Amino acid sequence: MTAVGVRMLGMRRSFGAVHALDGLDLVIEPGEFIALLGPSGCGKTTALRVLAGFETADAGTVWVGDKDITGTPPNKRDMGMVFQAFSLFPNLTAADNVAFGLRVRGVDSAARRKRAADLLELVGLGHVGKRYPHQLSGGQQQRVALARALAIEPRVLLLDEPLSALDAQVRVQLRDEIRRIQQRLGITTLFVTHDQGEALSVADRVGVMRAGRLEQLADPDTLYHRPATPFVGEFVGTMNRLPGVLGSDGTVRVLGADRPVAEGSDAVPGEVAVLVRPEAMTLSASETGSALVVVRTFHGALTRLSVRLGDGDEALVDLPSPAAAGIMPGDTVTVGVGEGPVLVAATDATRIPAGETV
Amino acid sequence: MTAVGVRMLGMRRSFGAVHALDGLDLVIEPGEFIALLGPSGCGKTTALRVLAGFETADAGTVWVGDKDITGTPPNKRDMGMVFQAFSLFPNLTAADNVAFGLRVRGVDSAARRKRAADLLELVGLGHVGKRYPHQLSGGQQQRVALARALAIEPRVLLLDEPLSALDAQVRVQLRDEIRRIQQRLGITTLFVTHDQGEALSVADRVGVMRAGRLEQLADPDTLYHRPATPFVGEFVGTMNRLPGVLGSDGTVRVLGADRPVAEGSDAVPGEVAVLVRPEAMTLSASETGSALVVVRTFHGALTRLSVRLGDGDEALVDLPSPAAAGIMPGDTVTVGVGEGPVLVAATDATRIPAGETV
Amino acid sequence: GCGSSKKAADAQNNKTGAAAATSVQDIGGLDALVAAAKAEGQLNVITLPRDWANYGELIDTFSTKYGIKVNSDNPDGSSQDEINAVKSLKGQDRAPDVLDLGGAFAQSGAKEGLFAPYKVQTWADIPDNQKDADGAWYNDYGGYISIGCDAKKIAVCPQTFADLKKPEYKGKVALNGDPTKSGSAFAGVFAAALANGGSFTNIQPGIDYFAALKKSGNYIPVESTPATIEKGETPISIDWDYLNAGYTKELAAKGIDWKVAVPADGVYGNFYCQAINKTAPHPAAARLWEEFLFSDEGQNLWLKGFARPVRLPKMTTSGKADATLVAALPQVDTTKAQLPAPDQVDAAKKVLTDGWTKALNG
Amino acid sequence: MTAVLTRPVEAPAVHKRKRRFNATRTVVLGLAAVYFLVPLAAAVWFTVQDKVHGGVTGEYYTSIPQAEGFAGALRRSLSLAVLTVLGVLLVTVPAMLAVTLRLPKLRPIVEGLSLLPLVIPPIALVAGVRDMLALGPNQLAGTPFGDALVSSQDPELPIILVVVYIVLATPFAYRSLDAGIRAIDARTLVDAARGLGSSWFDVVWRVLLPNLRGAVLGAAFLTLGLVLGEYTIASILLFDTLPTWLVKISGENGQLSVSVSTASLLFTWLLLLVVSLADRPKTSRSDS
Amino acid sequence: MTTPAVNTVRARSFTDRARRCGPWLAVAPFLIVMLIGLVLPVIALATGAFEGDSLKSSLGSGYRSAFWGSVKLSVVCAVLGAVVGLLVARAVLSGGTVLRRLVLTASGVLANFGGVPLAFMFIASIGNAGIVTGLLHDWTGFDLADSPFSLYQFGGLAVVYLYFLVPLMVIVIAPALDGVRAEWSEAAENLGATRWQYWRHVAGPLLAPPVMAGALLLFCGSLSAFATAQAMVGATVPLVTLQIANALSGNVSADNAGVGAALAIEMIVLVAIVMAAYWTIERRTARWLR
């Protein structure tokens, strides 16, 4: 099977007054693994459902390879899909779930069984074929769902937050496994999530959506280190928002130092917000420092310090755990911004809420 | 309100042949935040339910402060409890939910309303008091549940996986908030989870349970860096299991280097498994290296490399992202174990499945 | 089978052959009628319980005698159900061929033109006041209201309506149903009226009588059936004499000594009517059935079921009535026996329908 | 704080509240059992008394199947039951799914219509049906609709009875199915099946129905009970079903008539029980 | 790969149309069956009701008191049935699956039971010659016949009606009871509530809407039942269904079908009013569902 590319062009879809898709253009290369990232309600699921054919778009075309499939019904699209919620058919065993797509295609029973067994093996569940979904853990269920989607040898694999109902650890495991299998099979994949860690760690390229459009589509490194817009910067990874003053010379003054302004910045000279990653911050213990450590949380290799700056703002600083060993809540410290260009945004640009709108 | 300590002594509880609690001793200092960690089915929930009085133990006593409450019914125990999910009364508004405990105590309506409003404010939900539970997001619901538990000014706060039904990002936010509130009120807290990241990042001390007993109770640093047993080591954080040879001189030979054996190790001289954290591994690009990079996942500040060792085993190595910049899948590398003592376990010791039993 | 509503319309206008015959001569004599009926092979009857006036045996005899299959529907149905069946089943093979109706329904049905006029060979034997002049309907059998009594449970069986008021009968007296619905229960109330100073134009005393009986606790409003009699719940049951007497044999097999008395203080009798459905699917068989019922054989079979066939007076005089059967009938002072006029019955029904619930409630 | 480290040897007292609840439960179940079983037992006792020889006899029960017409009436009733169950499912399931998945606007209409039959007394409904049927051979004679009305009354298998029974069963079926559809995530299951290449038929037949099993069975039970026990409508429309046949044969024999009704009650219950036991709850949740 | 021009507006293809019609086709059979089996008969009935002066005579005092009697009986039965059904359902559902199956299937049958056989069962138990009556008399000397309770009056009718109404309640309330989560009672208890407070503030309000819906169902059920009353008390207890039955299918008064139809239509109107009242109350009480 040779991989095919997927293109969605000028996609529009409204629900009443809500423009879930607002002229989305998305081009996926053959065999590529794209993660679609974005805040809740930005249209990720809608994009996927339009691609799968569950939703009819108001305008726009969908292409798989060089075929226009805009009008094709979902059961003729040959796309494998894994859903967020547990979508296994509760009345069928794991093996029968996997074989389902073959069954409705009339594949004979022996071939079906063989293929289901192979695929369960592939997702590491060779031994649970006879179990019913309710006898499987959440992670196992999603593995079976993945195997089921793969069984029909889809040209395109669609995953709509397949991990969000799972425990953190299972999530990481399964996410890596999905990636491994995808690479092995070379299948064109669109993976929807609103967990940026997930998106960054598995995808070839990550698309960040906002209000029905793509804001940036790039590889994780670029996205993390060179976000195209402040929105992307703040949405992907943790970002401190520090007060600064933008000069007209392309530098910005922040925490007492001048730093070059990165591309994609979006502000006019004057008071601005400077966006800095916690690991790009510097921190050293100092009796005379103007900042105060408030909370210290241990994250294994890294330790995150939450500090109150002199002006009352809070900032997060990530240090390697050994470097942070002696620093405790209540200590006074000096905080700075590491070398290198920084993103700058207008102070009044709405801050993007992380994950949910409270 | 002065904080009280909690002690469970010799707790036993069996369901048929299953010993859910098998002589559990747990002592919590006044005002302390303890996280109880452990694989599914190890008895965490049972311990909590015995403490709250929902479950009657077969043997053992429960003390709060210097009072034996073993026989006290749950509605007389003055403990606040937050359940895993869906415990809000669907027929009451958020504010009424919070006020419920005061209402059954006969507090008058104005005082109740005032206090409910304050508590909702405390959990950052001042504006949703009039909404019904189904109009709240999962994260908001759990915040309200927290406020409800706090409203009765409990001496002890019990949380049974209060975050597990939530999205990853909301989870992190809410977890930090719980911690902040707990510190502000200085309330003795027992937090049950099976997510180690959660446990490590919020608790004063973390207890790791296994088969109805406490395996280790220590602060996160100690637990992570000096696990008392291989079980704890592998359960908390990611751990590589490398083949090694244990000498009788207290050192072990692993990946071509001799390393001192850490306390708590559990093996006899000969072939052993050496337990090493990904960030304690060393890795350098090398044409002649015997290891091969298989997968590279980007985690923001860190980059994780999955490498196949010469003998076919896989190992994970975490490098600061800049250090890993040039290393790509397919590269050959040399992998080693950093300086410092390492934990050693018998090779046939069952590996602890992370998070779920597959 | 696949029905056709066209057939119904045709049936309406089908005025040829048996369907148009108003007497056996029109068909060419009894043999021709028998032949035509046999050709049809079936007869649909409706609301005829087998234990009612010996209908079971009548049906079986007719069936064997002429080789005609008799389909009996809705045995517990009412006269209204019969009329409705005629209307709604018009043109269908399963529509009723012949009807056994209460007087009021026979008259209103005739007015609506639902019946085929037919005069049986023995037409002359039927008194004029007991038949429609054109032959749309005619009385078939009748009986008197009687008091049935389980002699094993009741020390002294009541003989009159006056007896029933005695305290010893507390909680033991029942009617065969609800007088606002059941014809025989209605007749029971009318009989009680006659016993208590009422008349054919005044049923109110009967209503008052039962109200008093209910108040004293003697009357229980439960519908008396063989099952309640066997259970002992309704050891005294007011019903048509042919029904009460008809139960005797079956109840004897259960060890119950069922005694029947026609109360001398309230002699009330009435007749049912026969009619042929105008759109009968088996017109010849329907006419043959009537000939059979009004033949000596048919009339004697009714007699065997303790019912009093309409030709009984004439047959007694001519000696064609089976004397042993006549002797077995419950004794009635026939001098007191009169038949109410249909409009009298109608008026009484109205009074009863309006007053019964009010009087008995509480 | 003085630490008391003595461990109690015996288990602490079990809470009283658990006991109290079990006591109320036993009392309720006991009273319910008395209320429901005593009348049944009284009826059964009445039918097995041998009034002639004394003692106990089962003759009335054994005589039922031998009576003429039993097989025909039973067959007809069972076919009616099966047709009605199928009919009520065929009619309500697609409608409810469509309303749930695609046409939420129509939900109030469907819901309202499905409640209506509860409101109308069967005796009145059947009168209306009879009036409607009477149109067939009269006002509508010769028209296709008139023909349809007439041919729906085939005495061997009256379709009109099936239709009326479907209507009568709809309120119960609707309730049961509604609960079932709410419990499964119908939309996701439908999407998943469609995505895997299923036609709509496959979706309903292979995915939805098996997963609505409990609800479908519940609906089927109530419908079965209804059809096998319904007397008013069948008798007034003059159809020969098991209940009408039972009344016909019981005649003047009191014990027979009662044994006939208790037998049919127990028969229906056993039938439902067998069907329900045949259903192995593979899909039941294990979360408790 | 060539990039095609972007079509902003697409003609609706055949498949598009099919997808739009599909749902309607799925609803059609339901609507048709309801039309034939329900709507047309009711219309046929209604035309009868408006002929002549049926409507007027159907509002006569006798019929009015029958309506009142029916409503009284139905309210009593609905309330009792709902309460008892709730208690029984709770007791049954907290038990094992075997009991559950036995009771739920039995309920399915009993909910459809009625008429002469049901009347007889109670007559044989607590009638004047009933087994229980006899045993009570033999054992305790207590004579049921002398007590104020009589099987053949209003109270007796209610007791008998519960025989099919309670099972009906058990069936309809079971799913709602299954939906009450253990977490709620535990949370309440944890917050210091007694059992009674939990029921007063949480479980009670939560179950109120389904219990009310069930009670409404029972109300309709007992309102439209008639065969049992017919066999037990006839018209000595005024009930409108008895009047309807007598008028539509009686042996006594001919030409009364119009009145029967009118009564039936009035009954539908009555129930519609009750339903409307129920919906208003439900809207008020179940605020949290909206």
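Note that the chains take the letters A, B, C, D and E in the order they are written out, and that residue 1 is the start of every chain.
Here is the rule we use: contacts are C-beta pairs under 8 Å (C-beta built on N, C-alpha and C of every residue); 3 or more make two chains touch, one makes a residue touch a chain.
For reference, the UniProt names are A, B = ABC transporter ATP-binding protein; D, E = ABC transporter permease subunit.
These numbers were taken from a predicted model, which means no experiment stands behind them.
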Contact distance in steps, from subunit A to subunit C: 2
Common touching chains of subunit D and subunit C: E
Mean-CA-position distance for subunit E and subunit C (Å): 38
Whole-Å separation of chain centres (CA-atom averages), subunit A against subunit E: 53
Gap in Å, rounded to a whole number, between the CA centres of subunit B and subunit A: 25
CA centroid of subunit D to CA centroid of subunit E, Å: 15
Numbers and ranges of subunit C residues touching at least 2 other chains: 77, 81, 84, 225, 227-228, 231
Multi-chain contact sites of subunit D, meaning residues that touch two or more partners: 17, 46, 127, 131, 236, 258
Set of subunit E residues in contact with two or more other chains: 116, 120, 124, 130, 245, 248-249, 257
For the subunit D and subunit C complex, residues of the former touching the latter: 46, 51-52, 127, 130-131, 133-134, 136-138, 140-143, 146-147, 149-155, 235-236, 238, 240, 244, 247-248, 251-255, 257-258
Touching residues (chain side subunit E, partner subunit D) in the complex: 22-24, 26-27, 29-31, 33-34, 36-38, 40-45, 47-48, 84, 87-88, 90-92, 94-95, 97, 101-102, 104-106, 108-117, 120-122, 124-125, 130-132, 162-163, 166, 171-172, 175, 195, 217, 220-221, 223-227, 241, 244-245, 248-249, 257, 260-261, 263-264, 267-268, 271-272, 275
Subunit A partner contacts - residues on subunit D that touch it in the complex: 184-185, 188-189, 191-199, 202, 206-207, 210-211, 213, 282-286
For the subunit C and subunit D complex, residues of the former touching the latter: 1-9, 11, 46, 49-51, 56, 72-77, 81, 84-85, 87-94, 225-231, 246-247, 250, 253-256
Complex interface listing, subunit A residues touching subunit B: 124-125, 137-140, 164, 167-171, 173, 176, 179-180, 194-195, 197-198, 200-202, 220-221, 224, 237-238, 277-279, 295, 297-302, 318, 320, 354-356, 358
